[in-house]
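As written, the chains take the letters A, B, C and D, and residue 1 is the first residue of each chain.
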């Protein structure tokens, strides 16, 4: 842990972007800036920004609280207020933070919501979450119902439904809140920038197809997706960030070096894995270490697609702003059918030539977790590569049992090792 | 204080026994027999909370409620697909599917109830590729021009698909006829609950539960007739009024409480005046209109007349107000929240509703269960204490 | 003689297996796990070496072409004699600790009489030692801890009276003392113990003077064969704390897979139920793991569950299975939460349910969970091997057999009396296979 | 009415408690209180033992009892007159022992309950720990046995700890293994115990607060005499800024039995006023 970690330019930029953003939020009340709370999957960041409104993403705050080891206390606070131990800890962490004065992850105050834009995409808990925030703060909720791809595809009716909601409810509400008229050309301009950064992001994520991989497609990639999945998609800052990131990764490829970890450069690549499921934020580095210490690099992950699946070709399309936003919302990872999720993981295992895949099943998230054991079986069947399974939670530290997880990860990697070398020495 | 054991009044006993046998029909033998007696006809299952069984009926098929397997089924294969922190319902439903009991169904509708059932629909497609599977997304945007319109279109699409499955296309006429049948059924269930409120000692909770639950397997008209028959007998029963605490139960709209749990609560001194188990049989208060475009009608009634169920996103304050109104209507003294473990919709809603009724000075208590809970001491203790407190105050 | 040692430091028991250079199992040892891992590991290993020496004795006698009946009887009394000596040494240590702790507890409970009854109980326990190891006697448990605990508790119950000699206080003396006794390395020197055992055995065998002398020297010789440990490997829950290098530490999954393959080469599916872990493992024709699943964080339905039950019913682990076998109408039990097990049993007993029926239901519940895990790991393929401590329980085995037939049809089910050693065997095989060339040479 | 003697028997999952109460006209008086731990013994038998011991202590015979009120798992008390639910009796007992209390925390062998009540001991609201049995008396007892520490010593040992070791496992079974692991890492017994107390205290304070307890809170049940838990609870309360004052009465373990005896008396008077005699 004491190794000095060299900070890349992109990393510095992301830090600054985040610091600026939280600072802006902290002083938004004084300046009369209005905000819109919304969720990562199906977020309408460009649309919100085009009205000069500030997007706030409670999921990001919760995960930050987790990484900063504050979520445990927040969750306790929410449970004291009557919330069950059984339910999603993101909600409880956020509620606990709110009850403790809504001091954000950086220690600066967050403004209470002016509008709760309930982009109901791929998770039922979203509805409850904003109902709870509505109860606590009195802010109105605005429902954007994104139908689930139950049949594995997006129908005309689904798309029209979302567009109609954007036109007749979301845009008027944002106009009213901001006092500004909807400006489609401005939105299109931002969407064009989104498109550019999406290209760069896909380039970066797909660099992991190389051997050795220059990046970690899960632990490191969750940093890479930060700007584009949150309040920055469509901004110039974010566009620069992705350009820089792309250059840095290209440079790493040119030098033939592997991923950087919090403990320094990664040991030589020994295992290539795909991971399904969100990380355990409270023990993020500890979990990462269980992998990188054994030479296991994650070449692809589904979690890095929660805020948008771009590697199957989707890009925001400036020529059809509302249509493209609808497609974006409908196409998020959690809004996809079980079969789609299976296919995606199987495709990753093959395309990235992974030795296997592991599922981190988080207790909080029914949207992700219910059915993962079938995914495990199906992906194994489709790829012939073995899957591994362990359990933790996103932000509830009580559910991270290090010894237990380590045992499973180690056993899994030893199994891969044995399968590779076993034939020879047995 | 312990309450005396409630014994079933004799005249209804055969009906109750029949219903209990239906509850325990875990191989769906009832459906198999129905199909034998109706050659060429098909059966379509549906999961909680609510699904448009009218459409199934209109396509000339038998709607079958798949409400889980209570505490009677040993779960082996179902557990293989679920982590310990997921509720119990999908395990037993999968077990029924994987052990062949549900083979008798020609398709299943998975309504948009929660992420677990939603994902189960995808699992079903993978595990049973030959069967018709449909995810029924219900409108969360209640504006008729938005959610309503989307829903009407989707209902039309589902009707067309069901028509294909059965070979009998759904027409406006057949759908209206189905509306009429289901309207009568809903009215019977509403009346049964009204009788329960008026004379709780004549309609023990467990019997009421069994009677409504019988609707999962019986043809709708037969179910309606059964309820009517029971009510006649029960009203005439000689059961004596008893002084017990009157409570409203909330939280069991999806995974069902075991029958013994319902009995335990009554035995520990609570009359259950209202509940939300099997809520689908009382989903609408008003009748579905028999004139006009039936799809539009169904969508409209859905967005305007659905109960304040935790699976729905509703306007600010609606859920608390609705519960307070129910409490008043049924003469309840308190609320017993009874949610399945790990049920996100029920458990996340609970604190908000609790706050609302607390503000109104209505006492409440809360407990957790699973459909296979076999141990009731703790529940008895909690329900009993609650009953004591209500009676002593 | 060259030896390779595998140690499986489990959450309940610590096992050790010794292999010779040809990969044959020549010794096994087991003890209960305890807070001092080094001691547990040490005891298990010593036990394994004792069994090696007894095996060597048996082999030597065999070579002498001794009458089989006489030989068996001789070996039997030899082992019993040795066990008795061991037991007595442990009792002596326990006596010391008990006496000290009784004094302390008595001073804590002013005015109570603790030392008196404790002293009486020790005497009683010492008197019970001999019959425990007499010919034909069966032990309630393999572990001194369990035997001593149940004898002590019986003695304490007899002597307790609420005012003067509270039952609780008497028991707490034992709880303290056994802990200290157990974590002490107690090795009465093997030669003395064995030497005495040889004399007793020879006397019991009624051999002629000259015959006896010959056998005596054969046995002594066998006992003195030098045993060189070439390499060791460790596995099990506590493996990270074993005094081994990283290369010598193996995951339980691999060890159980390899161990099961070694015992039953056609094994394709392995189920291991240990103290707080259940594992379902799929292996290929070379014993390599293809896939595995472990129970989730909840320890419900694992071996410890049965341990708690045995405790609650005041039975030995050995007795659970046979009692459950007598059931005609098993009750249905849904919850396998270990912690609530006791309360549930009491509840059911008061409802008038029979002990054997409850036990049968509990066993079924445990095996149902295992079946789910097996299904999760990809089902049961032929042949199917059941390992771990719970495989010693015949009811668990017969329930499993039924469930397998119900769900998968005909499958060969392999169970060995040594299945609790599977993990340790796998580890020993790794030690044999992977010993660096320079050590093995 | 002359002397009215009622008997309360609290059948817990680890111990049976009995209180004899003289509760006629004039002052109430506890005549005897007895606890007997079950430790593998038959409940019905132990219930009879505690009653007989209590009777002997008070110099009475079974015929002198006007009402035998059971609570807890009282079905097993065959000689009961009536039964009251556990929280009903704990609340009543708590307010009797600590008149200022409007809430109590009942920490028993398997469950912990936070109960809020009025000045007459009638339950207003309550919370219980979930089905998972971690952090209960039984757990502490098992750990104690592993560590070779008697129940009575746990409290003082824990209080002597200066650097408690956190114990995070939720499951009591896994926690036990964690504890063994800690010992093998050479951690001191008092630090382990204190860590366990702290994690229990965190859960319990949460329970109390979500039940809405404020002001004086009585600790009842077996663990009330555990000074280590008490210290941890107070520290946790201070840390969380909870407005509660925790009081552990010396007779706290008998709160349930006492409450049962009191409710029994109440019921007896009510029956008498209705002209009915309590039948056994």
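Here is the rule we go by: contacts are C-beta pairs under 8 Å (C-beta built on N, C-alpha and C of every residue); 3 or more make two chains touch, one makes a residue touch a chain.
All figures in this text were calculated on a predicted structure; none of them were measured in a lab.
Summed over C-beta pairs in contact, the chain pair with the top total is A-B.
Each chain gets a centre from the mean of its Cα atoms; for chain A and chain C, those two points are 49 Å apart. Separating the CA-averaged centres of chain B and chain D is a span of 39 Å. Centre-to-centre spacing of chain B and chain C amounts to 51 Å, using the average Cα coordinate of each chain. Centroids built from CA atoms put chain B at 36 Å from chain A. Chain A has residues 81-82, 86, 373, 391, 399, 401, 404 in contact with two or more other chains. Among the residues of chain C, those touching two or more other chains are numbered 296-298, 340, 347, 376. Looking at chain B, residues 80-81, 83, 341, 368, 377 sit in touch with two or more other chains. Chain contact topology: the protein chains form a complete graph, every chain touching every other one. Touching chain A in their complex are the following residues of chain C: 250-254, 286-294, 296-297, 376, 378, 433-434. By the touch criterion stated above, chain C contacts chain B in their complex at residues 296-298, 332-335, 340, 344, 347, 368-369, 371-376, 403, 407. Contact residues of chain A toward chain B in the complex are 81-84, 86-88, 91, 118, 120, 123-125, 127-129, 131-132, 134-135, 140-141, 143-145, 147-148, 150-151, 157-158, 161, 164-165, 168-169, 337-339, 341-342, 361, 363, 366-367, 369-374, 378, 391. Remark: chain C residues 11, 33-37, 105, 108, 162, 167-169, 171-172, 175-180, 237-238, 241, 276, 297-299, 302, 304, 312-314, 337-340, 342-343, 346-347, 350 touch chain D in the complex. Residue ranges on chain B touching chain A, taken from their complex, read 80-83, 85-86, 90, 110, 112, 114-116, 118-123, 125-127, 134-135, 137, 139-141, 143, 145-147, 149-150, 153-154, 157, 310-311, 313, 316, 339, 341-345, 347-352, 354-355, 368.
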